[in-house]
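Each of the next two complexes has subunit A plus one other chain: subunit B in the first, subunit C in the second.
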Partner chain A sequence: MAHKSGVPMVPGNLPVLLPFAPRGPAHDEFFLVRWLGAIPLAWLTAAALLLPAAVMAQSGGAAESPLDKLLRWIPFLFVQGFLFNVLISVCAMAIGTLAGAFAGLGLISRNRLVRMVVQGYVSFFRNIPWLVLLFIVLLAAPFQVTVFGTTIPLPSWIKTVIGLAIPVSANIAEVVRGAVQSVPTAQWEAAESLGFTRRQTIWQIILPQCFKRMLPPWMNWYAILTMSTPLCSLLGVGEIISLTRQAMEAEGNRPELLLPFYGFALVLFLVYCYPIARLTMWLERRFAVKT
Partner chain B sequence: MTQWTAEQPIVSIRDVHKSYGQVEVLRGISMDIMKGEVICIIGPSGSGKSTLIRCINALNDIQAGSIQVEGQEVHDAKLDKLALRRKVGMVFQQYNLFPHKTALQNVMMAPIKVLRENPAEVEARARALLKKVRLEGKENHYPGELSGGQQQRVAIARSLAMRPDVMLFDEVTAALDPETVKEVLVTIKDLAADGMTCILVTHEMGFAREVADHIYFTDRGVIVEHGAPAEFFTNAQDPRTRAFLDQVL
Partner chain C sequence: MKNILTAILASTVALAPIAAAAETCSNEGLKRIQQRGTLIAGVKADYKPWGYRDTNGNIVGLEIDMAQMVADTLGVKLELVPVIASNRMQFLQQGQTDIMVATMTDTADRREIVGIKGPNYYASGTAALTPKAVKMTGWEDLRDKPICGVQGSFYLQKIEQRYGAKVSAFGNAAEAKQALRDKKCVAFVYDDTTIGADLAAGGWDDFEISLPVEDFAPWGLAVAKPEENCALGQIMSGLQYSWHRDGTLTELEKKWNVKPSPFLEEMHQRMADPLAQ
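So, the complex of A and B:
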């Protein structure tokens, strides 16, 4: 009977219910860094070494190999392209974190109306596809804004920063809420019995304790955000994927260019995000033991 | 409201009722506690002891009745909670120290942040308090580096730093290892000897008998019996009290 119900039988022992562990990748808040961080470093090194070989094999002995063409473009692609992606991700993360921190506090507000409004914002923007949101922001936002008589232009890349910061803020809000609620209620009571106001309790007692707990999921969201910046290429922002496409066109748009050029972009993202993923996993393990 | 004087009860509880949903936890509790008295509340689990003392500093609200501390009604919507909490200190079963602060910082935090007192003065007082609870040399240790008994004594010092008039102890030794129970009880005994008004919920019968001026026995939300310790432990009248004492002594 026990076999049929899925409960494992150990010979000579009573049937026990083992902790349920779902199969397949874990879809928790760390899904990206878990996946990325699980790739052994040796594999990455091997792939990076094999890539030029694969490119050579494809080129078929032309006068100038695709690798030479790529080498010519690397400084441009890295400085004008990839660093721009990093800039977009850092700006979007900064805005998203700030807005998300306040939204997270809104989620635990004692004011029902505030809670409901913020909950609506968070639920909506956590579930909307990022690309759709980017298009909406791009098309709906004006190309310039006038504040106190000064006209500030809003280039596309600023709009994409805003478009990426919104879903990030919604997700960071959940991170903040989860971390605050992971602090035992006894801490609130101790603070209350010492005369701390709610605001003092949050800022001086609760948040400092959950800072450590927020760091790994926050870094996870940064990795996701960075990997999502190529979405901006669809909106005509000159980040690495747009520039890669332009570079390939300049080199005659030959099919053997696809692997080295896009492969280079892939390697850049991997090299940037892989350490973040490993560090996040390490931090998460460390804090999990200590708390 | 007339001015409270030291001849009147410092804590006055009148016919307090409290329920969680359908469950009535307190069903008409009354007691008067004079300044400098040590009161022990004992009774079986779930008899409402902890709820009662949590009501005294307004951590829990009540449905009916009145609780006054120094003549001030605690369950009044207009209550200045800060004023109440300056008067009433509380120590919890699980210590509830702030884990991100050292022992000294735990003690100093509330007077500086809440009362906005001079940090240098507070530090001197905090060091003296830690010395008083026999934790000299542990000032810069984090709660995680201290034993349960040491943490609990930091918690007592933290409460005392607010210079309360009444101290509430909610089963403060229940989570401790047997060998550290004593060091906490000695600290409380010192406090009582200094004239601090103490209200304790406890399972330490020997301690209650030794230090309490008055013992209350509660069962199912009512006070079954109360009296001076000598009388209470040797000559309990109510069969429920006797049954309880037979089990624990």
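So, the complex of A and C:
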């Protein structure tokens, strides 16, 4: 028998079929945090230190260096810009998680109609481009709603929170469904034999076991969501990218401002999301099902 | 029964024009402003010196001064809402803003959507910043060449159609200018006042405004469509007229270091008070 495969033949040993292991990173939902978390901290530090040097080299001896201009704007950009992005991401995540938890339970409902409706919602909103959805929500929703005679204003940023929460909820629903279904069926059978109702089984037995499994993918979605908040700048919401552009405009819109100003926004997002990515990967390893 | 219905129907139809006529000027917009005691103005926060941020985050600029004068005239406080080209008209339609002073060029298409009241408060032309080395003399030289502009500028489409240039539109002027420096395009097309200010600010020694400034287009101050020919719209008309007449706009131009525009001078002359010295 001629062996042309890469498996080395050792005389006296029989060839064994090794378990299949694909090369390279797996293309699952963790791709973003896995990629981000895999960057060594030393590289990031080096890049952060090189940025001012690159900026200085590009400035070409202008009267006032772009870095000095950036320093003036840092308090404004951080407080009114970046913290606003964080606020948008936290609100969208809270709404998305709540709606996603219910949608996830809907996915495992025993009512066929509920299952089909929720499945339709989840499939649709997991696959629609986020920006398209944001535009639809922003332009279709009214700027204020009147409920029982009181008028509640709906500013643009609230609309973007809703627009971001919808796709997040669809993805969280899948996370919940996956976690529930990963609990061994023996747990369901044991609960049933002890006389628990289905609702009791889900709330008291299955879901508590799911939290650990859901945490890493949940944080993964939070990191993705946070990095998507600059999309709101296209809708005119005053988040960091909009304000960065306005700051550059106020400083005369000189091209040498692009690198320091956008670089600053990049550093902020990195400083915020990198620890989340590392923690997510660590938690995932810790809670991984041992095989 | 049928007759009664017909009678009701007939009277409704007959009375409809009267009701409509009575409703033409409900002045909802003005009443809302008075009730809340605040005028909400949609302004630019990314167009120096018309509307931009200072380092504290406050929006300042020439158009903000204009909005302030409107608020003072109405005797209410002013609230500013930063808008961008893609949402400024929607905000007016939805009622999120009462007026819009946001460097908007007055065009026939836009007049169908919002109420743009004359006389226009400013006019700018289209200019192009080109490298001296390329030696361009006319807009025809741009045929089949890449040019850079900023999204939402109405003249980009015209240049594409009329001169056959290939337009790349960027999110803001800094990005478009960087593309010009990187030689991704042979010209940066923008309004003449801004390009003039950029050249004057220095750092553009290898570039020039070589093509003749063209397409002088008026800028419009806008209100929501139903207000166009009612109180709020007419107040805007009157204010712009008196700003031209008493030279307020030319003074603002000086205050914000805008290159003196022939349009403002001409309007000032045309509307001059015959009884004044």
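Here, the second predicted complex is superposed on the first by the 263 of 291 C-alpha atoms of A that agree within 3 Å, B and C clash if a C-alpha of one lies under 4 Å from a C-alpha of the other, contacts with A are read in each partner's own complex, and residues count from 1 in each chain.
To be clear about the criterion, contacts are C-beta pairs under 8 Å (C-beta built on N, C-alpha and C of every residue); 3 or more make two chains touch, one makes a residue touch a chain.
All of these numbers come straight from a predicted model, not from anything done at the bench.
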{"item": "Touching partner for A:Ser123 - first (subunit B), second (subunit C), both, neither", "value": "neither"}
{"item": "Which superposed partner A:Asn111 touches (first subunit B, second subunit C, both, neither)", "value": "neither"}
{"item": "Between subunit B and subunit C, more extensive residue contact with subunit A", "value": "C"}
{"item": "Touched partner set for A:Met248, first subunit B, second subunit C, both or neither", "value": "second"}
{"item": "A:Ala190 touches, of subunit B and subunit C: first, second, both or neither?", "value": "first"}
{"item": "First (subunit B), second (subunit C), both or neither touched by A:Gln204", "value": "first"}
{"item": "Partner chain(s) touched by A:Phe76 [first = subunit B, second = subunit C, both, neither]", "value": "second"}
{"item": "Of subunit B, residues touching subunit A in the complex", "value": "57, 59, 81-82, 85-86, 88-90, 92, 94, 96-100, 109-110, 113-115, 158-159, 162"}
{"item": "Residue ranges of subunit A in contact with subunit B within the complex", "value": "184, 186-187, 189-197, 200, 204-205, 208-209"}
{"item": "Complex contact set, residues of subunit A against subunit C", "value": "60, 62, 72-73, 76, 80, 138-139, 142-143, 156, 235-236, 238, 242-243, 245-250, 252-255, 257-258"}
{"item": "Subunit A contact footprint on subunit C (complex, rising order)", "value": "45-48, 52-57, 82-84, 86-87, 90-91, 94-96, 171-175, 177-178, 181, 198, 201, 203"}
